[in-house]
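Below you'll find the structures, each written out as structure tokens.
There are two complexes below, and they share chain A, which is joined by chain B in the first and by chain C in the second.
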Partner chain A sequence: MPGAASYAILFLGTLLEALVVVSAIKRKVLRKYFVLNLYMVLCLLVSWGRHYTLARDGFGSLNYRYFYFYTDALLTIVLYFSLISLYLSVFEEMKVGRYLRLGAVALLAGTSWFTYAIVSQSSHKILTYFAFELSQNLYFVGLVLTYVLWAAVLKMRQTPALLIQLVLSLGIYFSFFAACYALANLHPTLYSRVSVLFPVVGCLLPLSWAYAFWRVPNEARIAPARLAMAGVSR
Partner chain B sequence: MIAAIVLCCSIIFFLQFFVPYCRSLIAASSNHVLSPEVQDVTGLTSPASGEDFHRVVQLLRLCPDRPEDRGEIRAIGVYFSMLNALKALTRSIAPAVRTWVERELGRCTYFAAVALDRRVAFSRDLLAQQIEA
Partner chain C sequence: MSRRHVVLLLPALILVAAMGLKTAVTSNGNNLIAAAPVMNGPDPAPKPWNGPDPAPKPWNGPDPAPKPW
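Here is the complex of A and B:
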């Protein structure tokens, strides 16, 4: 059974997820960043569901494990679409929304196909393993896409500070998870140790988004080039 | 092999996101003018020096905690440690990088002083509310 610290982190994460939505409503940006907030609401529901399954079936039960991995895959897919919604915000003026949506769906389908191709060769528990592998692959795809988005944002003269903080915190989140999964793949024995970090890192995204929605003014704009390593002026 | 490449890429990407994220937090506070009290207490010069960072953070810890800025202060603390490591590495090989690092360390100190200023203002408001009640 998870200890008091695990429950405290789970509770803190849930609180922060709720805070993101409350902050977005307070700052009247709920509609503008709807998919991001939808992701946070889903996280809240999933946290509740996991807690319920854990209390009913126990930590080592198959029910809890299935619930955990399937909901994790679902959340990763919604997070992927949250990232795409940030793309849509950044490229709003270029009127390329339709192509971005099509590209996003095609990339998701491609990642799913690639995952299936790998899983079908190596496991008999295809569906469970597929959900687990798809999450891992989507974290890396998400990371690369966030990097491409950040590279595009860097080319812009002035960008809303809020959007910049949302993109960067998402990048930090994706890169941390991708690194953890890669480390676990390199040394499978490390997975149990690395997975201890997941709930802690899971708190970082709602924490940074809540901060961004709560504190960064809507009208604040930053020249992104100033934030890159090369931009040294104050 | 692929996992090793993914791990390396992830660490590089992480730094590529973490550094601008910290700089965006610092940039948001760079326009804040410190109150005379905080200027007196911290004794910050203009521009702020990285050497004062730990002293300002100690003062910050004396103030009542505000959960909303805890994560940011921690992130800047990590960024400060990374910059210090970079400063030590580039001490003799790249003087230009060292100048940049020192400027960044000073900006971290200024960020901590702004957080201190906000906490002092927050405590004052809290006290005023308690007196009114």
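Here is the complex of A and C:
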């Protein structure tokens, strides 16, 4: 069973997820960043569901495992669409929304097909492993997409500061897990120590989004290229 | 190259890059890392289940049983 620290982090994370939605409502950006807030609401509901299953069936139970991995796949898909919604916001003025949506669906279909092709050859429990693998593959797709989006944002003349904050938060969130995997890959003995940090990082994304919605003004705009140059000159 | 071609080519490139990155990061032959769950939220992640599935319970519903053929 998870200890008191795990429950404290779980409680803190759930609070932060709720705070993101409350901040978005307060700043009247709920409709503008609807998919991001939908992701946070789903995270909140899933957290309650996981907590309920954990308390009822225990940490090692099959119920908790299945509930965790299926809901994780669902959340990763919604996170993927949140990222696509950020793409739509960044490229709003270029009127390429239709192509972006088409590309997003093609990428999701391609990832699903690729996952199925791997899972169908190596496992007898196709559905369970499909959900798990799809979640992991979409996570890496999200990581690449975030960096591509950041590269595109750097080329823009001016971008809303709030949008930049949201994209950078996602970049740090995705990169941290990739760095942890890479570190554990180099030194497998470190994995058990590194994995302790995962729940803490799970709190960082809602924390940074809540901060962005709460503190960053809607109308503030930044020239990201100038921001990057300032970072290099320092 | 038309926009439609770009729409098809870019997702393919991104998918290749992502799967390449995944292979580079998790391909040490260590099952723990390859099976490390993605985290959505701070909930404690269980280890992926690798054993046999539990046998389903026999159906005991109210439907009438068919006669043997």
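By our rule, the second predicted complex is superposed on the first by the 210 of 234 C-alpha atoms of A that agree within 3 Å, B and C clash if a C-alpha of one lies under 4 Å from a C-alpha of the other, contacts with A are read in each partner's own complex, and residues count from 1 in each chain.
Keep in mind that, in the parts below, a contact is a pair of C-beta atoms (placed from the backbone, for glycine too) under 8 Å apart; a residue touches a chain by one contact, two chains touch by 3 or more.
The structure displayed is predicted, hence computed values, not measured ones.
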Tell me the contact category for A:F140 with respect to chain B and chain C: first, second, both or neither.
both
Which one hits more chain A residues, chain B or chain C?
C
Figure out whether A:M94 sits in contact with chain B (first) or chain C (second), or with both, or with neither.
neither
Name the contact category of A:T111: first (chain B only), second (chain C only), both, or neither.
second
So, does A:I9 touch the first partner chain B, the second partner chain C, both, or neither?
second
For A:A55, decide between first (touching chain B), second (touching chain C), both and neither.
neither
Give one of first, second, both or neither to describe whether A:I164 is in contact with chain B, with chain C, with both, or with none.
first
Given the touch rule stated above, what does A:A182 touch, chain B (first), chain C (second), both, or neither?
both
Looking at chain A, which of its residues have contacts with both chain B and chain C?
140, 143, 178, 181-182, 185-186
Contacting residues of chain A [partner chain C, same complex]:
2, 6, 9-10, 12-14, 17, 43, 46-47, 50-51, 54, 59-60, 62, 64-66, 68-69, 71-72, 75-76, 79, 96, 99, 102-104, 106-107, 110-111, 114, 125, 128, 132, 135-137, 139-141, 143-145, 148, 177-178, 181-182, 184-186, 188, 191, 195, 198-203
Which residues of chain A touch chain B in the complex?
140, 143, 146-147, 150, 161, 164-165, 168-169, 171-172, 174-176, 178-179, 181-183, 185-186, 204, 207-208, 210-211, 214-216, 220, 222, 224, 226-229, 232, 234
Complex interface listing, chain B residues touching chain A
3-4, 6-7, 9-11, 13-14, 16-21, 23-25, 27-28, 30, 47, 68-69, 71-72, 100, 103, 107
Chain C residues touching chain A - in the complex, by the definition given at the top
3, 6-8, 10-12, 14-15, 17-19, 21-22, 24-28, 30, 32-33, 35-49, 53-54
